[in-house]
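To start, the structure under review is shown below, and the notes come after it.
Residue numbering begins at 1 within each chain, and the chains themselves are lettered A, B, C and D in the order written.
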Amino acid sequence: MAFLKYNNKNIYYEVHGEGTPLVILNGIMMSHGSWQVFLPELCKENKVILLDFLDQGKSDKMEESYKQDIQVEVLKAVIDELKLDKINLFGISYGGEVALQFALKYESYLNKLILFNTTSCTNPWLQDIGRGWINAAEDRNKEAFYNVTIPIIYSPGFYTKNIDWMNRRKDLLYKVFNEEFLTAMIRLIGSAEGYDVRNDIHNIKVNTLIVSSEYDFVTPVNEQEYIKEKIENSTYILIKDSGHASMYERPIEFLTILKGYLSIENYMKIV
Amino acid sequence: MAFLKYNNKNIYYEVHGEGTPLVILNGIMMSHGSWQVFLPELCKENKVILLDFLDQGKSDKMEESYKQDIQVEVLKAVIDELKLDKINLFGISYGGEVALQFALKYESYLNKLILFNTTSCTNPWLQDIGRGWINAAEDRNKEAFYNVTIPIIYSPGFYTKNIDWMNRRKDLLYKVFNEEFLTAMIRLIGSAEGYDVRNDIHNIKVNTLIVSSEYDFVTPVNEQEYIKEKIENSTYILIKDSGHASMYERPIEFLTILKGYLSIENYMKIV
Amino acid sequence: MAFLKYNNKNIYYEVHGEGTPLVILNGIMMSHGSWQVFLPELCKENKVILLDFLDQGKSDKMEESYKQDIQVEVLKAVIDELKLDKINLFGISYGGEVALQFALKYESYLNKLILFNTTSCTNPWLQDIGRGWINAAEDRNKEAFYNVTIPIIYSPGFYTKNIDWMNRRKDLLYKVFNEEFLTAMIRLIGSAEGYDVRNDIHNIKVNTLIVSSEYDFVTPVNEQEYIKEKIENSTYILIKDSGHASMYERPIEFLTILKGYLSIENYMKIV
Amino acid sequence: MAFLKYNNKNIYYEVHGEGTPLVILNGIMMSHGSWQVFLPELCKENKVILLDFLDQGKSDKMEESYKQDIQVEVLKAVIDELKLDKINLFGISYGGEVALQFALKYESYLNKLILFNTTSCTNPWLQDIGRGWINAAEDRNKEAFYNVTIPIIYSPGFYTKNIDWMNRRKDLLYKVFNEEFLTAMIRLIGSAEGYDVRNDIHNIKVNTLIVSSEYDFVTPVNEQEYIKEKIENSTYILIKDSGHASMYERPIEFLTILKGYLSIENYMKIV
């Protein structure tokens, strides 16, 4: 519940609980508030640090376009402000991309790296999916923005089964999708264009957890399989019957895997 | 290369080759022209009938909204005009949906039913995906319409590997995405809303081929598994490493499965 | 490190650590000793109870054939001896089968049920696989017994990559596969014939974790999917690129999922 | 219905129908007779050549152990005897292994290569599975030989659903599993040990069809994915819900894919 200054921009962060630091990096349309329901479980053994990236949540908006490396420095600033060391760094989707770039630049800060629903590259397909999101935001069309960004991040089965919840969520999101939010989204989405760490991630040596969702139609399973192949000390698990937004579709599976990996101290080998 | 009248609307159709009739039903953004490259192979043993649905290709445009049952009658009119009997009916995506509804109403006309990348229901998820397409069409935004409709129907791997071809295709499509086309698309997409044959398809007794693509993010694999469970005399095959537009991504796999199934006369059983 | 008497048979058990009781049920060819390497991680927050079933490890051998329900009572006897209440019950393979039957008979003893690589029925296929194991044991052919029981429980990739470890393991197992062991195995394998809880498990209401391995060729993924569908309060996770013996092939994935699920106190729902 | 001499051994072969030659290579426990039910469909457009490998069916038995390269020469002898040219070569399992080795040595004889349920290497896992089969054959234990060889080549679902058919088949096979058959099987299984074409198959340029079964527990899906990656002009299709013996479990899917691929003349590309 505090702000720090990074390049004259306010960065919002929260600290909850005590224990080994667990820094949580949001997906693109999320904010610190998205994690409230998970805090009771996560705070039991960890000091949980939530933060909003630039153009996200309560952090300041930007005026110009930028790339994800600025978010890497935002994260670095939060870590330095809190004098954290050997953090466990969790990222999902956009947050996972920032986490991978942070690991490549500041690996010594890390104890464990945890990547849910993450890709190593904004390939042309994902870029054009993102541009469709930008187009809808540029048209200031809330309904269009909802329809192009939200269904695709859920599995069809979950979305259909929970259509009432989705519709209530739609009502909430329509209130969020104002001018300021949509222009921020345009910059955030654009900041992931050009992202590509495929040639570098074999250098990551920190213990890394990689999690896929079976019906992830934004960063499909083969993207995480690629990362798993490249990072030597990696642990890889699949959540069945879930879309991209794994923490909402499968919260217990999500917490089980995340908390379990955090609890491991001894990466013993059988073979 | 001819037209027939259905309800005062011109319906365009073509007949190629000789043999058992094979009627081909297009996906929503396709037309008779989409099948040119496949004709040499398909005409060798079949009389191939291509047709454009209402609001598609060279067939007349509609003025009002409608449901897919009108396309079922369009198909019936073509069959009657050509005095076809015991046809092999192929449909992909939107065409598969019309094919299933035709089978339920006019099963006696069918010899074999062939469904690629087809769902049995426009569930809320698919409906909202479709509404995103409608939103982009309503905004008359060609770039938005491309970005929300095209990437999602290809697998990320294919789209990325063939980005030059995709970009040339984009240029062609931008010329196609004029006012008339986009208003027709709004009606076509809307005509699939409310589609639901889940409670009926167990009545289909005709021999049926069902084909899925591994990375079909529009009508995912579990949709075809559902249809396979319900239709007793069904044959089910998966094309690996392909998106929704299976005929473009995997043309030889597509032809192999389609031609092979057409060639079967004796559905002998081992057990 | 103690024995209790059950029906005049000695049952061996061990207790390690402090905390919520976690009772571990072995797979058919395992014993308490199989878990040594996992104890440091598991004991940190749990009182871990290891036990050998009848005809397993240090527990007494039987003379006559029996069914798995006797192992359910063995488990009950251990729980009563230790005056345990609200245990977390873990089972893998044969142990998972006993765990399911225990849950159906004594659900009030359970806090959480954890099933790795478990089936709900010894179907005719699995029965005949098991009879092949019995045949090799009856022939007192160590090499045959190894070749029919061991490769199938590993994924081909793991077995091939770690062939030196497998071969050292083979040497160890040849020493284990003596007359007494093989006759015990015949009874153990036979005790799983007729196992079928498919019609009952929908009654299980305790929170349940179900884990599959992608290349499980003994109890394939669809077996666990079936259990997941039937048990309402279930959490389901897949370990990619692993065979049936998930704890040996993927020890960190195994511990991550097991420890994570044990740590959950609040099964909060998002939807 | 004829024999030819190869190295003083009688090789049995049959020729059925007229058209492009399709030579069929059996799996290890099959013979020419296994294909009777498929002949009506396959003979319509093809001259089908069935043959029994050495130690198989009506071909002569061997006395000494050998490697699969002798079967490659047996196939060459049949092709020369019949003065065939530009054949379509089909192999399943053991037959697929021989087909791959034939393609590497005599590619100019081939028009198309068709591989169902085939691996490119007898890795240590598959070798030990095979040794379990040899152990049972050496013990002259019919029941053991059935239980270790038959269930594993079917999917659990098929085997369970068709248990009556399986049991009738068991009765038939018990009559087949005599001394002569079992000693031939020991040599046949042994002839696949050491098989490894992984470093060579990238040289195969002939059009190649590769087919996997979802529940193939002998030559799992990733084996065919490997071959597909290596052979440039390959077409790859998956039969869902089938075990290793795809032609028995899914005869219509089997014929659909095989006949369809045989019918392709123009490997046109879209991209």
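FYI, a residue touches a chain if its C-beta (ideal position, glycine included) is under 8 Å from a C-beta of that chain, and two chains touch if they have at least 3 such contacts.
Molecules present, by chain and UniProt name: A, B, C, D = Alpha/beta hydrolase.
On a predicted model such as this, the values are computed, not experimentally measured, just so you know.
Common partners of chain C and chain D, by the touch rule above, are absent. Chain centre most remote from that of chain C: B (centre = mean of CA atoms). Distance from the chain B centre to the chain D centre is 36 Å, each centre being the mean of its Cα atoms. The distance from the centre of chain A to the centre of chain D, each centre being the mean of the chain's C-alpha atoms, comes to 48 Å. Within chain D, not a single residue touches two or more of the remaining chains.
Here the touching chains pair up as A-B, A-C, B-D, C-D. Taken in their complex, chain B has these residues touching chain A: 123-126, 128-129, 131-132, 135-136, 139, 141, 143-144, 146-148, 150-152, 154, 156-157, 159-160, 163, 166, 215, 217, 220, 222-223. The touching residues of chain C, when paired with chain A in their complex, are 37, 40-41, 44-45, 162, 165, 209, 212, 214, 225, 235-241, 247-253, 255-261, 263-271.
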